[in-house]
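Just below sit the structures, each encoded as structure tokens.
Next, two complexes with chain A in common: one pairs it with chain B, the other with chain C.
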Partner chain A sequence: MRRGWAWAINGYLAAVLGFLYLPIAVMMVMAFNQSSLYELPVRFDTVWFEALARNDRLLRASLNSVLLALANTVVATVLGTMAALAFARYRFRGRALLQLLLFPPITIPWLIIGTSMLVLFFWIGIGRGLHAMLLGHVALSLPYVIVVVAARLKSFGPALEEAAATLGASPWQTFWRVSAPVMAPGVVAAALFAFAVSFDQFVISYFLAAPGVSTLPVEIYSAIRKGFTPEINAVSTIIILVSMGIMLLVARFYRFGGER
Partner chain B sequence: MSVVDISGVSKRYDRVVALDDVSLTFAEGEFFGLLGPSGSGKTTLLRSIAGFVEPEAGAIRIDGADVRDTPVHRRDIGMVFQNYALFPHMSVFENIAFGLAVRGVAGAETAERVRAMLALVRLAGYEERRPRQLSGGQQQRVALARALITRPRVLLLDEPLGALDRRLRQEMQIELKSIQREVGITTAFVTHDQEEALTLSDRIAIFNEGRVVQVGAPSAVYERPETVFAAGFLGDANFFAGRAAGRGDGLGRVRVEGPGALLTADPLPADGDPVTLAVRPEKIALTAADAAPAPAGAPLNRLDGRVVQSVYSGNSITYKIAVAGAELTVFEQNRASRPFPAGAAVRLAWSPEHSVVVRP
Partner chain C sequence: MNLARRRRLAVFGLTAPAYLWLVLTIFLPLSAMLFFSFLTQAPFGGRQAELTLGQYGAFLDKAFYRTLAWRSLELGVYVTLGCVAIGYPAALALAKHVKGRWREALFLLIVLPFWSNALVRTFSWTMVLRGDGLVDRAVQAVFPGAPSFALLFTYPAIVIGLVHAFVPYMILTCYISLQAIDDSLIEAARSLGASAWAVFRRIILPLSIPGLCAGVVLIFVPAIGSFMEPRILGGPAGIMLGTVIEDQFTMVFNWPLGAALSFILLAIVLAILALAYPLLRRSLQVA
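Up next is the complex of A and B:
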């Protein structure tokens, strides 16, 4: 009986992992397949990566994506950390309302957010382009950053900061010597989150992209519409490796965060 | 010369009164206990002295200077928090050195003073440990060393031993007291543990509902409680409610429904006015009802009763005794060869000076 259960549970686990990783694995294998028609058996070749290296459109879009994600990471992490500190350590008018307003954007479909941003940005003259995408991405990733940093702040409470004050540390010294190092794992995790949210973002980028200025996911989408080439497999393989690397880092810092 | 002078301090949170016109002074080198149930205002007062709470009325002076506009980090205080609040990202050495580091004290002097502190709290050799690698008692001592190293004017302890188990708590009480003596620092500490307050304090203030109900040396407060609350919170007490019924031979008489007339050495109000007497359980002597009556000597309060319950705790026995419709608690050292069983008829006796008149 118990043996049967063990088999069932392991089988279930294998199914879940297969479901998650098999499509990715297929794509990565095909990126190294010489045939453009997915012919088997696989003949190993890096021809698609070489083609990718010559594809200026895709490369420029990749560079845009990385720069945008980096800018978003810096802006969203700084603003989000400040907001989380305010929520966790200060009482002010409208605090509860503001905190409540953080969450709905997470649940509103991106398509709708993207459309409304496009409309608003046109209306107030911001228009489209990388700057508009940056605004959109920051707005999108802020709630995540705030939630992650606030969770970390909650885990140690104001007692450490109070202790620092009784020992003669000014608010400035308290922040840099106590608050900042203790919440650092949360901030790093939040920053990686912000990077991933921006780097993987398609819908909002698609709406806010200006002609000729797009990001990698947008470029992949238009490339697929024109006709699928295994270059997309190659570039996707690179993205997957980068994204998974980042998420593994997040997981690592999260564990640090829980250790306390 | 008082080190801390608190006069007429009040604080309310929304509609809850946390502190109501509290006035206290801590003398130089004094170990002052703030005792009371949770929500009685003792912690609010401690946090007001530290500067985390801003009172609405009254003044707090440290060395004569009003500290209303002095922020926490300039108040020259040391504080030990209930859960110690050690910095988790720093070693024991860095934790203790923190107060010196923010003051820009040189490295050599810092090392010297940290070493002295570690010796004081008996933690030499623990410099490089992280707080989470220490036991509760060790963390407590690091917190104490960290608070003392800047040689503050006042040491504030917020339930410093609350997180420790009973045996360790008793050990730490003795150690805390000896360190405080050695350093000679004026100390205020908050506790809800009456035994801890009695053991550690030079003086105690008892708090109830935001007010100080009584201040005094532990023995004075314990032996001469002024109110029903003080008598019941600091130790146990039996209460008799009755009316003043004259004086004779320097003793007051109180007529109590049931037991009849009881004697007290305390002054009484006018005849017929209501009076409440408090009698500590250990002041009452028990004898078997059929034993030979004690020779007539000094006047005693005498009552007959029956043992309802006896709780044996090794060195002592706590009896519940039914007396004229009331139930009294009596606390006896386990000196008798055979404790009274439940149902035994007994005679209770106590001296009039142990009938303390208390205000409601």
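Up next is the complex of A and C:
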């Protein structure tokens, strides 16, 4: 009886994992299938990856995606870490309100945020393009960076910094010699998070893309709507591997889901 | 400079850049959108716009828009129920059955797809659900000669795609509250003669309600605002409030109507968030 249960539970978890990974696996297999009509059996070929290497539109969009994600990582990590320091080390008036203001960027549907940005940016002359996307991506990344870094800062408390200050270190010395090394893992995790948020972001980029200036997800969306092309499988396979790789790195630095 | 003033300056200097950024990119745009939703037309290119309630009036007058809102809510309910049905048992199994390194590995495997590109994952379902796709072939293999079975561009396809997109959220939030339940509580109940079902109903379920509610809100809200998944997986069956809003901004260029529809969607979302705020607050506690 008990063993039967154990088998059933393991089987169930395996089925859930199957559900989560099945479509991704199918897509990756099809990326290596020679037939453009997804014919089976699969004949292994890298023809779609070769086609991808000649597709200037997708390559330019990929470059935009990576540059945007890098810029987003730098800006969001710096601004977010500063705010996290204030939250973790100071009690001040309006603290609860500022925490509350972190909700909208991650709880309001991106569709609404994206279209709102389009309206305002167009109206006041910021316009569309990579700079507008950067404004949007940083806004979405900030709450994650702040939460991740603040959690790390909270876990070691201000005792070390106070000790350094008592022993005569200047605030600047205290920061670089004591705080920075201890919070480094949190900052690295937050930076990787920010990169992933931007690299995978589609909705905001979609509304803020200017003609001829887009990112990889935006290009993929328009390609899907025009009709299926197997090159999309190839580029999607690369994207999935990149973002999963990044999240595995995050997992090295940051613990998901409480105690392990 | 006295200490209190220096502290105030430090707090201001540390928080101001991040929050100025959020004001420019979240709060000002939402205000601009609200303003636009009361205009007769977008005030670009020298066109004269007047203030009106007409865009909201269109929503109240035309049954089409009300049906849309209803369809989106309905979709949200189906997706959320699907996520509860699949995610809660998985979280329970993970928290109370799987131990040690296996739990760590499984947990990572479950959250991993969640952090990969949603668009790409949605697209990957088209190859599974289309006629002559994986599901169709499986059906043909079991029932030879069955009529071709294409789920793509149907309503169930949208639900499947969205459940796939959001179920890791449910597993995550439920897992966090389930693994916080003290095992000795369960053992005590069992040793006093409670059946497994009684333990679940009287101890496990009540204590995991916060995680369940957080998951429900975090899934329901983006599900009713989705437009890309209905578009790709639903085709003509995928007309939702979200896709119509998208059209107003990218095809029809009726921005004021799009803004009004967005705000109706936002009002629904905010009502849900306000109801759930006491439960959500703890999951986003900064320090």
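One rule holds in what follows: the second predicted complex is superposed on the first by the 252 of 260 C-alpha atoms of A that agree within 3 Å, B and C clash if a C-alpha of one lies under 4 Å from a C-alpha of the other, contacts with A are read in each partner's own complex, and residues count from 1 in each chain.
By our rule, a residue touches a chain if its C-beta (ideal position, glycine included) is under 8 Å from a C-beta of that chain, and two chains touch if they have at least 3 such contacts.
Only a predicted model underlies this, so the values are computations on that prediction, with no experimental measurement involved.
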{"item": "Fit or clash - chain C, chain B, common chain A", "value": "fit"}
{"item": "Contacts of A:Gly168 with chain B and chain C, given as first, second, both or neither", "value": "first"}
{"item": "Which of chain B and chain C A:Gly212 touches, first, second, both or neither", "value": "neither"}
{"item": "Of chain B and chain C, the chain that contacts the larger number of chain A residues", "value": "C"}
{"item": "Computed vertex angle (chain A) for partners chain B and chain C, CA, steps of 10°", "value": "90"}
{"item": "Which of chain B and chain C A:Gly4 touches, first, second, both or neither", "value": "neither"}
{"item": "Partner chain in contact with A:Phe156 - chain B first, chain C second, else both or neither", "value": "first"}
{"item": "First (chain B), second (chain C), both or neither touched by A:Val178", "value": "first"}
{"item": "Superposition-derived minimum Cα distance between chain C and chain B (Å)", "value": "8"}
{"item": "Set of chain A residues, in rising order, touched by both chain B and chain C", "value": "260"}
{"item": "Of chain A, residues touching chain B in the complex", "value": "156, 159-160, 162-171, 173-174, 177-178, 181-182, 260"}
{"item": "Chain C-facing residues of chain A, complex", "value": "6, 9, 12-13, 16-17, 19-24, 26-27, 30, 38, 40, 79-80, 82-88, 90, 92, 98-99, 101-105, 107-113, 115-123, 135-136, 138-139, 142-143, 146-147, 150-151, 153-154, 196, 199-200, 202-203, 207, 217, 220-221, 224-225, 228, 232-233, 236, 239-240, 243-244, 246-248, 250-251, 256-260"}
{"item": "Of chain C, residues touching chain A in the complex", "value": "7-8, 10-11, 13-15, 17-19, 21-22, 24-30, 32-33, 36, 43-44, 86, 89-90, 93-94, 97-98, 103-104, 106-113, 115-121, 123-128, 132-134, 137, 164, 167-168, 171-172, 175-176, 179-180, 218, 221-222, 224-228, 231-232, 242, 245-246, 249-250, 255, 258-259, 262, 265-266, 269, 273, 280, 284-287"}
{"item": "Chain B residues within the chain A interface of the complex", "value": "50-52, 71-79, 81, 83, 85-89, 98-99, 101-103, 132, 146-147, 150, 156"}
